[in-house]
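The structure follows.
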């Protein structure tokens, strides 16, 4: 689960990671009021769950009161890669001496918590990795061992930090970031840039915090922070119905049991010249209501020209799926053609139900996919 | 020989009295798995499918030989269940449960690295040695005893592939679903090492997907060390970047994590990658005959 | 480092482990004042760093004001296994429903933190182990794994605890004891008895806390708790001079470099029919001042009839030791005979110095020990 | 062959610029130890006895092959130094430092259990393979190449025994002081396992003391598995109960921990226990000739 910059910073404050003074505004009026009460300059920052807002015009400086209206008008309602800006963070301006990149991430490839730092802060780390890889240091931390003095040593060595006060501050920030990472089961905690301001003080100018979705149910007192703002309405609905759903832009709606098989189905559609409209995994259980929810979501998409079921019964029973289709056809007004592949557990019973609905079914994934592709091609 | 699981492996079920635990205990017993008992804290003294239930793995071990455990307990208790099995020195731990925090799995993984413990999962369908035993939720009927090892990050896609294999005349030595989470107990490479040593396994099918670098690490090992033919399949060529495709671990976070780049990488190493699951038996035939 | 009961209980309070209300008194007057201000009955408990005070009359109940003087007079100044009582803890009386033994200890034999519990609380665990071993449960906890639900399960199963409120309280106490064990690097934390009082409440009626000596220098804000009250004055002096010293009751004073060799020297004295007066390890460094300190401590013991040096030079240089002896003979008034064994690093130089003092030396440990034994035997 | 340490073992010194570190670096080099460099954070770029100093083990490993490390850093930094060496996959870690908290050592021990890492110490004199190399503070001159392995919980008492051995005609394969703390990296049994596999070692001298049960565990192993003659010596017959005799671990906390009961236990297993260090060569002669 991604957090907004301001949510991440609220947590930083809780973990004693220094942040600039700032306030969130949900409307232009609110924002105007905050700016009027502040010492200029202030920075107005669009709050969206996607990177690259700077380039998109989502971060602007207000130097004088004349800047206020044009800045607020340009940011509120701005569309950044599909996300509409409906809240901003207004922060005090800073005299920056140096910008650093600093993050801890869950590294699935070596099962360590990887500390990443770069002397080139304020730019995307991927670009630094491409253009100046030597600027980047990666330290792999075993969570059973923890962050220790030899990590600090390598960190300071890489960044060329010798000042003692600054070292203490970095250790403070590193320890608290690491603590936050562990206590909140994060996937990522990123400060970019972490800035050094006058007096050798450190301040986290930005925040990117991602909580491991599996850990979210276990976190206490974090309900206020939960958001699904990076999911579409359909994706949220699917999630609440126990489905995994991702919107794509093709025209063959897919309903599959199992994530791997669902991806393989999409891939096969593409292989035979079609375009999948979505990823949809009805999961392992056989609740017919899931089929109804799945059909509801898919038929909302005006692009969809044909619906393809691909069911390999294991835990999922074919007759349950067939019954789900039957119930859906009774309840919903579905005029789209439906292609059904059914095999595995209770295949015969399932096929019999499908037959009774006057629909065809096949046991071959390849046949079903080819048929779906040929139908939209007509 | 097959790997990890055999007819005589003494298996316990952690969470045996739960809905899933009891259902699959029946199904595993039907398949021939040597289930010797189960664990549900507070339900010690009951029995499920004629097998004794204990309050703890410790208590079970006082009365039974235990070689392996399969964990069906809900995510809230699953982490402790895994640690309990580790502390009681159970050598094979299969975690079916979905929803374990990755950080907890990371600790478990680092703790057991280099130690004589094999963990499969979490969020996996389990494993099966056809004709001998299964630990998991895989539908036994589609499997057939034979000489192909299968390792997969997926569930039903594995069934699809195994179905093709069986129909194409290839039985399986052991089939393992390693789970869809980013941090898992055994990755491809760890199981390939076991298949390398297994005389019964003549070839391996590797079913990967988007996310992470397991397929790449496995590819290097296959090229340099395995010494057995392999056919791979990578799901997710049409998956968009940055979106979780059902599995917590099926997400493209960087360039090397797409299905295309994984396919290319493996093919550059000389490893055959099938475009369709149904092509796998044909590819395998060619590889084995070469 | 052993803590007094009241010190342990102060830490319990900090770690939210429930304790009875109580106050410490250093004099009879103070104690009398506290009792007058309390609701009777109260318990008066001698504070000494040794077990078995109950049997020795160090714990008494004050039911009425008539009891006050006799109880205080009998406890203050009481000698318990060589320790004189000079402080008492005065605590509220309790209606006890059940007594339990509970401890966590550093288990050197399996490198685990061992939780020990027994349904027979209030008696020494060694006696339970002997008379009713089945009453005892031992759970070995890997510090990297921590205290977890399966430990609770086995704990409750063993003690037959089913009440939910009580379970929560036990989990609370277990977790906090375990936390204290880890945060303070303990060797032992023992509550005996941990009592269940009316309303299913748990209270720690006693405390025994031992901090790992190696961890003491690393503990913050714990200076007030440091005490050397379980060491003799000589042992404390030796420690502050960098020596390891243990008083024994023989008559051959030993000065040895290395703990193992020092023990072997004592053993050899005994083997040849003598009695060592002490264990003394001057350690690995060769500071002549250590030799002076060592001789000062040993010559204070009126039992000592002969002084035996056993030095196997490694890091310790024989000439440094010899110089130490020379300086000591100049500074101190030593009339006792001195037997010297010197071998190893700079042996020749050392022997030359000893010769110059008109003393004998040998390179054989056995010869030196035999000579010392024969001298006291004369 | 000897065990653990050889002429070609690439050794680094953690804390090489310190008083003890630099002094013993000189002495180890003089003995022939293949010291390739040292570590002191913040002193990278200096050199000690002609050997390069690095800021971290990581940096050293970028330029050097590192098989083993010896740690001389003060207790405050020693725990991190050990973890650093573990994280950098150094296979032999010798901790000379005295004063490491037992709880920290306990974590290190549990972490490395079953993994391919040998830790000696803390609070130990180190180890020596006579005629080849030494890692530690032992006085090289008293040792002689030969076929007796020595494992000891003590420092100078080891020298006393080795001196007797050498004078009695017994050279040593490898001599290891395992340290006087209650929680140590390698206990008797772990090193006995290595001596068992070492062709050069024909017999073992085991120097124990009061406290703990290491001698008892070792005794069972000697009787049941070692297959080589052993002579033991147990220090502390005159030590009182409950008092620390110099070593943090030399304290009698229970019945089985006295020198008498350990001696009895070993003798009951048929293991010869010497009363005097000077008797050991004689006993050994008898054992080997039997």
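Assorted remarks:
Going by the order they are written in, the chains are A, B, C and D; count residues from 1 in each one.
By our rule, a residue touches a chain if its C-beta (ideal position, glycine included) is under 8 Å from a C-beta of that chain, and two chains touch if they have at least 3 such contacts.
Since this is a predicted model, take the numbers as computed values, not measurements.
Farthest from subunit C in terms of Cα centroid separation is A.
Between the chain pairs C-D and A-D, more C-beta pairs are in contact across C-D.
As a whole-number value, the distance joining the C-alpha centres of subunit A and subunit C reads 57 Å.
With each centre defined as the average position of its C-alpha atoms, the distance from subunit C to subunit D rounds to 27 Å. Centroid to centroid, with C-alpha atoms defining each point, subunit B and subunit C lie 53 Å apart. Taken residue by residue, subunit A touches two or more other chains at 142, 144, whereas all remaining positions touch fewer. Contact with two or more other chains is made by residues 111, 113 of subunit D.
If you sketch which chains touch which, the pattern fits none of the simple shapes: not an open path, not a single ring, not a star, and not all-to-all. Checking each pair of chains for touch leaves A-B, A-D, B-C, B-D, C-D.
Those residues of subunit B lying in contact with subunit D across their complex are 111, 113-116.
The residues of subunit D lying in touch with subunit C in their complex are 75-76, 99-104, 106-107, 109-111, 113, 125, 137-139, 142, 152-160, 163, 180-183, 207, 209-214, 217, 233, 235-240, 243-250, 259, 275-278. Residues 41-42, 44, 55-59, 77, 80-81, 83-84, 86-87, 111 of subunit B touch subunit C in their complex. Chain contact summary for the complex, subunit A toward subunit D: residues 142, 144-145, 148-150, 153-154, 157. Taken in their complex, subunit C has these residues touching subunit D: 106, 108-109, 111-113, 142-144, 182, 185-187, 212-215, 217-218, 244, 246, 248, 256-264, 266-271, 276, 279, 281, 284, 312-316, 343-345, 365-366.
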